[in-house]
Amino acid sequence: MKNFIEKLLKIDRRVIFLALTLLLVFPIVRPLGLPNKNIGNEVKALYEKIEGLPPGSFIMMSLDYDPATRPELHPQAVAVIRHAMRKNLRVMILTLNAGATGLIDEIGERMPKDIAPGKVYGTDYVILPYQPNPVAVMTQIGMDMYKIYDKDRDGALLKDMPVMKGIRNVKDMQLGMCITGTAMLDYWVAYTADKFKFPFAGGTTAVSQMGYAPYLQTGQLKGLMGGMKGAADYETLIGVKEKGTSGIDALSLAHMMVLILIVAANIMMLWLKYL
Amino acid sequence: MLKTRLNFAIIAVLFAAQAALAATPAPKADAAQKQELSGFAAKDMPYDKGEAVLLTWPSGPADVPGASYQVLASSGGAWQTAAELQFPADTKLAADFELPFWAWDRRAQAHAVQVELPGLFPDFKLGDEYKFKVKYVNGKVTAESPEAQAAPRPNLFNLARLNNLVLLVLITVVFFWTVSHAKRKGGLFIRRIAGLDAIDEAIGRATEMGRPIFYSTGIGGMSGVPTIASTAILSEVAKKVASYDTQLKVPHYDPIVMTVCKEVVKQAYTEMERQDSYRDDTNFFVSQDQFSYAAAVDGMIHREKPAACFFIGYFMAESLLLAEVGATTGAIQIAGTDQESQLPFFFTSCDYTLIGEELYAAGAYLSKEPMIQSTLKVQDFGKAFVMVSVAGGSLLLMAGTWFKWEPLVTAIRQIFKAY
Amino acid sequence: MSETMMIFGGWVAAGLTIFLFSFLYKDNPFFKIAEHLYLGAGMGWVFQTMLFQTWIPKVWEPLRAGDYYVLIPSLLGLTLVTQFFPKISWVSRYGFTFIMGYGSGLVIPLTISTDLMKQIGGTISPFMVSEITRGNATSLLNAAIVAIGFICVLFYFFFSVEHKGVIKKASNVGIYFLMLYFGAAFGNTVMGRFSLLYGRFDDLYKYSGERFHYATFVILGAMVLYFIVDHFRTRKPAVEEEAA
Amino acid sequence: MTLIKKHIPLAICFIVGLLTLSTYYIPTKASENYIEVMNKWENIMAGFAFLLGLFSLFFSHYNKMKRKVDGWGYSLFVFVGFFAMVIPSVLSHGRQMVGPDLTGLGWGYRFLFNALSGTMFSVLAFYIVSTAYRAFRIKSAQAGVLFVAALIVIVGKVPLGQMIWETVLGWTHVGVTDIVQWLMDVPVVAGKRGILMGLAIGGIVTALKIVFGIERQYMGKD
């Protein structure tokens, strides 16, 4: 018996890899449709913040993620933009991460198709080009954003667009958001939100979500979406089920697998030690 | 030292500037006026770049619901106003200003309105004088204030941010004190880190078992603090290895780090007078590719079954791959990194883990490197400050609210706030 | 974009994904090719973004319009590149000093306000209670846990005194708070990594369909075949290499 | 020569650092103008800083190919990947879409870069599972606490876990999501905040060292 357990503990990791593959492929081929019920407080806070904004309010969204974290963060961005458009808010999308421009183009392309048909580019939303040096942009956007962003993504003069009416810096905006898998959200909090007293919220990968707990407690962040679960929560709140929600089945199974493996391995260890 | 003095000089100038500018909203009634609304005053808005004017007038029993004020401004021509300058009579009070007690009197029973002039007058020019008045409307009752004049001017110091500046000065002073002390002989006191004892134990075991020891400095370059700390610990490990005559293997990711480590290990052997047993292939280059490096080191650990593995330095995702193999081959594993996201993995699969600053401290303890030491000391000072502030602040705040000492509560809250 | 290009794209995407996954079995040339492609493509993407969204609109167009002020930052930026030529590498210092001085000057006061002042303020402000009621007892307790835990963690990272007596006890409590944080982070990391994997599997599933002529399956089969052939070709008798 | 090579750059760093620092405390128009100019300049300069990464990647792989070191052939693919992005981009002027049509750049992004970049880090999910099984050992009370926290989060974040918790521990009337929320609101705040302090002060000290010219690693060797 002991021999067997020892062997089992040192099992080739490729066997585990294979088991995980099969487990994850299963819900993709045949969705289980588990309900996503318990919604995180921080996601709810963000939803309510946007829900409470009067029509015409201005939201700045800094989408700073690249395809490496797309499955977690892209659904978050889409869900929030969808909500904002539905509430007739104005949205300005920018990025400080050069890898994100392709994903933003994808959003731009989807806007008239399914995110917000009927909304007009330049009147309801605008997409700005990538800019290097995040801290310079964050500092300038708190004072006079046109000094850095003189044109939109397609080279049109930004100041003249109807969507930018009455906007000069973050003091004229009602909410800022940064969705990122890097430390960009920390920068936004320090360089713009705190310095210019700008209400700010965030979306992060699950890996870094816990690290923002102190900023949430102090109110430096008004809300936070963490990982795919955060995206699924937001999709549930606005009642549009998309990529975030569909991943929850696979996550459920994989989580259980990790748990069972840890517990089983530790029981086997104890067995070896004491029996 | 000259730089220290220069810094003080600049800060001294800043202090002198702010002393001259401390502001209080002081409504000065103009007795000669007949209108109902008295005490209306206009002055430069303090702590700004010079584009706004502050209007104040006393608040009083007339500020009932339903009543409203309207502020009007003129640059000599027609009176201008804006939507945000018309407001209910019980709003826009001095108490609404987010400014701390040392820069603003929030208890003043007065209305205070900040008028941004460039918004009202597109041809705004710094230095121009502007006229202001305020109208009161409550149903059919109306009143108007006398005109008041003011020219906005730029302010030299944002007094509200004094708390920030004081802390900065404090940190700077402590910083220069530690730098000058760290460079002296003996350096600064840093306690021994418990994790270093685990190193002795691991090397002892490797000697008993006659198996090699693996030491990885991670994938950081030589400029990183974790890598510098790691080479200091490597030196300690190499000394022990030399005296026990065990075998040490150091696979490398970065050629420059490898060169430095070769010197470090050679030096350690020389210090223990075991030059004869030093081998140049102790340090060897593997791959400058994150995952290939991990795969190759994994293979070596799997084949050679070392008695102990050290993963100390800058690690990213490869931490998972490395620590797992060591754990399955039954090696004693000691890890250390400042990468928060990797710490959980190291902690679960290693026997001892140096967490973040502990790694720096271990490096500073062993190397007496003045740069790491001084940083560590300032951090300690900062932590002491934070501990005292949190303990004292929370007790005082609780006592203050409990016994209703309003000034104490306000003072404490506003000191620890950013403006 | 024609349908052929779409299908070809599906094959490329599925192929590269499987090449990268093949590392799970063993380090192999296909993985290395895909990995190097990734390095190059990533740089290429950033380069073209820079070119069309920064350099052309921010440097080239103003220059053509006669705004020569942009020459100063451009030249300073270009000095950085002299780093690669040892003889004149000192020129790059002029660029670096601007970047470092500016970055350092900006960050100092902001860190003091965001990470020191506000965090202390956030820890102490929940203690503003005038009486202990059933309603606020829990929140007060939680606030006390945060404050005590915070102080204990700081004791753990305090290196100027020996850890003896009360300080040792406090730092021992501190480490448990760190463990709770790391544990929660670990749990969340598990979720994050699975989300990414799910995203890739979702794509692979899409490319396994008829529309893409079963790209995923074909490439997967080819990879398995490669590994079988490789196994017999390079069979080593003694050491079994650990899968990386 | 040391004046030009060393003292002037250090002086620039000191002056720029101090001026930038003071803009936080000094609200005058001059201070605002200064920081606005700096922001504009730094914005453009940082674009060129990207060339550093690009050149060092190119040089290292070019050297590998020139010296024919082990596996030099792979280095070729770095250039293949680079030009696979840049050439179509130049042809389409950096546009991914022309009307409803995908350009070569858009194709490259969607099928090449997206697949490669997305997969690189998803591989780690596999390692997490095998680490969980083969290396996650509860050897001490501390590791035990870590495990309990991890377990609660892993269970509480997904519907299946919540259902299992309800079935097994439903009688306690404590929802697992409430515990996850409490973890995030209380102990995690304390733990992370403790780490944050060290990082924050460390950051301030490093910045001070740079401004005062004590830390000059970025300047390279003399």
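Details
Just so it is clear, A, B, C and D label the chains in written order, and each chain counts residues from 1 on its own.
What we mean here is this: a residue touches a chain if its C-beta (ideal position, glycine included) is under 8 Å from a C-beta of that chain, and two chains touch if they have at least 3 such contacts.
Bear in mind that the values here come from a model prediction, so they are computed numbers and not experimental data.
If chain A is removed from consideration, the chains that remain stay connected by touching as one piece. With centres computed as the average of Cα coordinates, no chain lies farther from chain A than B.
If you tally contacting C-beta pairs for each pair of chains, C-D comes out on top.
With centres taken as mean Cα positions, chain B sits 25 Å from chain A. Mean C-alpha positions place chain A and chain C at a centre distance of 14 Å.
Taking the mean of the C-alpha atoms as each chain's centre, chain B and chain D sit 18 Å apart.
Looking at chain D, one finds that residues 14, 18, 22, 24-25, 32, 38, 40, 42-47, 49-50, 106, 109-110, 113-114, 117-118, 120-121, 124-126, 128, 130, 132, 134, 136-137, 142-143, 146-147, 150-151, 154, 157-158, 184-185, 188-189, 192-193, 195-201, 204, 206, 208 touch two or more other chains. Across the assembly, chain A contributes residues 9-10, 13, 17, 68-71, 98-99, 102, 131-132, 135-136, 139, 194-195, 207, 210-211, 214, 217, 229, 251, 254-255, 258 that each touch 2 or more other chains.
Touching two or more other chains at once are residues 161, 164-165, 171, 321, 324, 328, 340-341, 344-345, 347-348, 356-357, 379, 382-383, 386, 418 of chain B.
Taken together, the touching pairs cover every possible pairing of the chains. On chain D, the positions that touch chain B within their shared complex are 14, 18, 22, 24-32, 60, 121, 124, 127-128, 130-131, 134-137, 139, 142-143, 146-147, 150, 195, 197-202, 204-206, 208-209, 212-215, 217. Chain B meets chain A in the complex at residues 98, 324, 328, 340-341, 418.
Of all residues in chain B, those touching chain C in their complex are 161, 163-165, 167-168, 171, 189-194, 289, 291-292, 294-296, 298-299, 301-303, 321, 325, 340-341, 343-345, 347-348, 355-358, 361, 364, 376-377, 379-380, 382-384, 386-387, 389-391, 393-395, 397-398, 400-402, 404, 409, 412-413, 416-418. Within the complex formed with chain B, the residues of chain A that make contact are 9-10, 13, 194, 197, 207-208, 211. Against chain A, in their complex, chain C makes its touches with residues 24-25, 42, 45-46, 49-50, 53-54, 57, 102-103, 106-107, 110-111, 113-115, 118-119, 121-122, 146, 181, 184-185, 188-202, 205, 243.
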